[in-house]
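Several structures are given next for inspection.
Here chain A shows up in two complexes: once beside chain B, once beside chain C.
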Partner chain A sequence: MSHTYQVGTPLEEVAVKEVSFEIKNQSFTAIVGHTGSGKSTLLQHLNGLLKPTSGYLTINGHKITPETKNKELGDLRQEVGFVFQFPEAQLFEETVLKDIAFAPKNFGKSEAEALEIAREKAKLVKLPEAVLERSPFELSGGQMRRVAIAGILAMSPKILVLDEPTAGLDPVGRFEMMELFKQLHQKEGLTIILVTHQMNDVANYADHVLVMEEGQLIADTTSKELFSDPSWLKAHHLSLPQTTDFAYQLQQRGISFETLPLTEHELARFLAPKLNQRGKIDG
Partner chain B sequence: MNSIIEIKDLSFSYDHEEPKKVLDQVNLTIDQGQWVALIGHNGSGKSTLAKLIDGLLTPTTGTITVAGQTLSEETVWEIRDHIGMVFQNPDNQFIGADVAGDVAFGLENRGVPYEEMHLRVKEALKAVNMEKFAAHEPVRLSGGQKQRVAIAGVLALRPQIVIFDESTSMLDPKGRQEIVALMRRLNKEEGFTVISITHDIDEASLADRIIVLDDGKVIADDAPAKIFSRGNELFKIGLDVPYPERLKHELAHLGVQVPKKYLTEKEMVDWLCQYVLKK
Partner chain C sequence: MGKLLLGRYLQGNSFVHRLDPRAKMILCFYFVLIVFLCNNWQTYLLLSATTLLCAVLSKIKLSYFIKGVMPLIWLILFTVLLQVFFTRGGTVYWQFGPLTLTQFGLLNGVFVFCRFVLIIFMSTLLTLTTPPLAIADATESLMAPLKKIKVPVHEISLMLSIALRFVPTLMDETTKIMNAQRSRGVDFSEGSLVKRIKAVIPLLIPLFVSALTRAEDLATAMEARGYRGGEGRTKYRRQIWQLKDTVSLVFFGLVTVGLIFLRN
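What follows is the complex of A and B.
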């Protein structure tokens, strides 16, 4: 599929160029690439916010072509939960609970049912009970984002699509957010598709990686594969996970690895026996 | 060294009914020309402290002295001229049809004469390496470029102190590197006093000094190497530590005796190679 913005105007811009790929049910996919490489454009096709200008895609059995009408998209918007960048900007209800209950109410649930679902989803995203009756605007950045995500989960989507969901959070907020997606993936069986610049998160959480560059898909692979080739990443100005980068420096100094490790735990397990053998270490 | 900011017994609450203070008995002296990183978890009071220094908020108790003047209703405007603030997301700050117009805005507002304004805009764009973009529309720029234009707007006012409040947190890795390199140059070559509020520990490690805020209290204030050698404590209050410290932490778990001293990435590579490669 391809997507061109503002066709036929001087501002015409091919944002996504003839990409073909497949995402498996219940997988965890990360989409990486520089700003402007077409990640957000690609993402917005996954729930029909944008339609391809050529080619097609099929999501959960719904085929979307350039001719598809919005009303033909049927349940797609409910099946694919889309979390925008800075979703907290879209909160609007007086209380956290009402905000989360908004979507199920809109999809025909009664007030009581919708609030029940909201309570359940608030718990799922680990919002403390105490904040449910508060205004969403009194919460911390990370908590506001959780409210927005709970609101999306309240539609019971099968697929969760997230655009840079950890941008602007502090380190703990980022970690907790990624752990939440991991839990939604493993325990709730959701398919997760997320855009990120954090290669550590790609290494720690994603099993499938798509790399975009100037609108084109330049890699469709696993994180292990992707990070086993530092020179390719460097050639495309992409960073490595910190551990892989560090291990690569060790490799260049003569320490050989079968495959470069992705996490500090892996690297420590590789190094520890070699260090402990040396007996007492001064420092 | 001359001190440029002195903070004495500063406390602050947004809501006076609330018993817990947002800033609690903060005492700090910042020297002219220093690069200070201010770190702490979300909600620890970093932005509040920056706004107090800039006179956007008034202390509940205590005093703030900037460039020899104590902040008060009379001095606040003059003090604000010494301070430039750069925020997270420059998108919504853009004004004017082109980059030069945006940079000139603050000067126009202060009635700086045209000739002088022209000169200062040119100088400021040069300082951030964006002089080639003077006639570009701000919306067509990358995130790092937009942030550089926002910084030029601040520099054109010729402050002595520049406060960066999470100015790199919304940028991609490339944009972030651009801004950190610029901070370093502004501090080392142009002599600005820099206060950078950040969650990026690699950015903080470049500063002369790191101040750690936790729930409104200064809990550490020292050179980066000293701060990082307290790795575990930082973990506990939800802060990141540099990569070598994280690796040491994992190694220690596996029974390896690791150096207590903070090692930079290069020093850690050296240390590991020394033992792993020795036959």
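What follows is the complex of A and C.
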């Protein structure tokens, strides 16, 4: 099964211009692009916060056209979980558990059911049991974010949309957060759509990449392919992941790669035998 | 929310734009006072002409002023209707129970309408041609004499500037939080009144939390940069009283003389 998004939305300020693409179910898609490139506008179409001004999109069988009524969007909002930038700003309940249970209650679950779901999702995002009855405002920034994400997961979405989920976290927090999404993608079978500025995350986690520039889609490709062309990236003011950049610089100094590695692991596997050889010659 | 014209500034370089904000504020308040001196059509005509002259001098399209009246139109119409039906005197045209339609009633209705429109036009002119921060600065400068009786003038003006500065920020924040809660299944626009009021709680609490955090950050940032209150503080944007400001005041003085001469 695949679902097709065909967004064509010349807004008044033309934030997104005649964009057309497809995202496969259970894929991990990254959307990259500079501030103001139309990423956020595009994202808000994915759960019907915005409707296209022309064209249409189909998500899990829900078709959204400019004429779609807000009432019809309830189901869609439940299927597409949307984690906003700095999602901890959406917390408001007295306790962590109640906050996570907020969305399922809105979508018609009973109080008890909702709390049950909340407990389960809190475990999924690795919140310690001890914080569940505390006020969300007493937690650390990273934990608040986990609560907010659990609050979205509590709707049991099939698609998870993440708008710069690691912004403002320290490196460890960032790594843990990305590992969490990886786990959700692999174990829970969620389709993940991630907006990010971190090319390292794109290289390490995403299999499908969309690049936006000035409201237009300028690349629809795999991360492997995207990072194999450093000069194209440079022309569009995008950076390479650290590992690829390192390999690229090695290449310019005469070490040839078949394809540029994306992850530390790949690079290590390529370099280790070479270093061993060198060791033998030297020794 | 973009429709709200109150406090919206339109950039420009007209005569009115270049007036000292203090002069504009004095004149605006003064105008509101002298509107109440009007009591016949000649006087209203004089003030309408004055308002129109100011509007023309500002080079702002008339439609902006009309948009400024729109949010208040129901209040105006209600007041006008009260005047029309409950004023007695002169020829009676129509009567039903306590409601009477009389010559004076109609006349009063028209006058009340003109009074509202003139006042709104003039205050819209002030906000359209003066940046909010300049208004805050002008307030401080105009209230300076009150310092003698221990009114915290600088603090009041600071609060005003901060409030004005954060209106757009908080509006953005509201949109963001509304979107986030909508994504969690809150419906702000449908359902019974009780349901809608309940839907506001998940919006208001995060908004207050973020406003408080922001206030704390701002206070820290101000103290870190050595803010010590208004004592001995100089201004980056200085307001300079010029000849044209005096001329404007004199002009309004002449209008007042004309007004007193024309009223009966």
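The definition used in the following text is that the second predicted complex is superposed on the first by the 266 of 283 C-alpha atoms of A that agree within 3 Å, B and C clash if a C-alpha of one lies under 4 Å from a C-alpha of the other, contacts with A are read in each partner's own complex, and residues count from 1 in each chain.
Just so we're on the same page, contacts are C-beta pairs under 8 Å (C-beta built on N, C-alpha and C of every residue); 3 or more make two chains touch, one makes a residue touch a chain.
Please read these numbers as outputs of a predicted model, since none were measured by experiment.
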item: Partner chain(s) touched by A:N276 [first = chain B, second = chain C, both, neither]; value: first
item: First, second, both or neither for A:D170, with chain B first and chain C second; value: first
item: In the superposition, chain B vs chain C on chain A residues touched; value: B
item: Partner chain(s) touched by A:F107 [first = chain B, second = chain C, both, neither]; value: second
item: Partner chain(s) touched by A:G61 [first = chain B, second = chain C, both, neither]; value: neither
item: Which superposed partner A:R77 touches (first chain B, second chain C, both, neither); value: second
item: Contacting residues of chain C [partner chain A, same complex]; value: 173, 176-177, 179-186, 189-190, 201-202, 205-206, 209-210
item: Contact footprint of chain A on chain B as seen in their complex; value: 41-43, 88, 142-143, 166, 169-170, 172-175, 199, 201, 238-240, 243, 246-247, 250-251, 253-261, 265, 268-269, 271-273, 275-278
item: Chain A - residues contacting chain B, complex; value: 34-36, 140-142, 167-173, 197, 237, 239, 242-243, 246, 249-250, 253-255, 264-265, 267-269, 271-272, 274-276, 278, 280-281, 283
item: Touching residues (chain side chain A, partner chain C) in the complex; value: 44, 47, 49, 70-71, 74, 77-78, 81-82, 84, 87, 89-92, 102-103, 106-107, 137, 151-152, 155
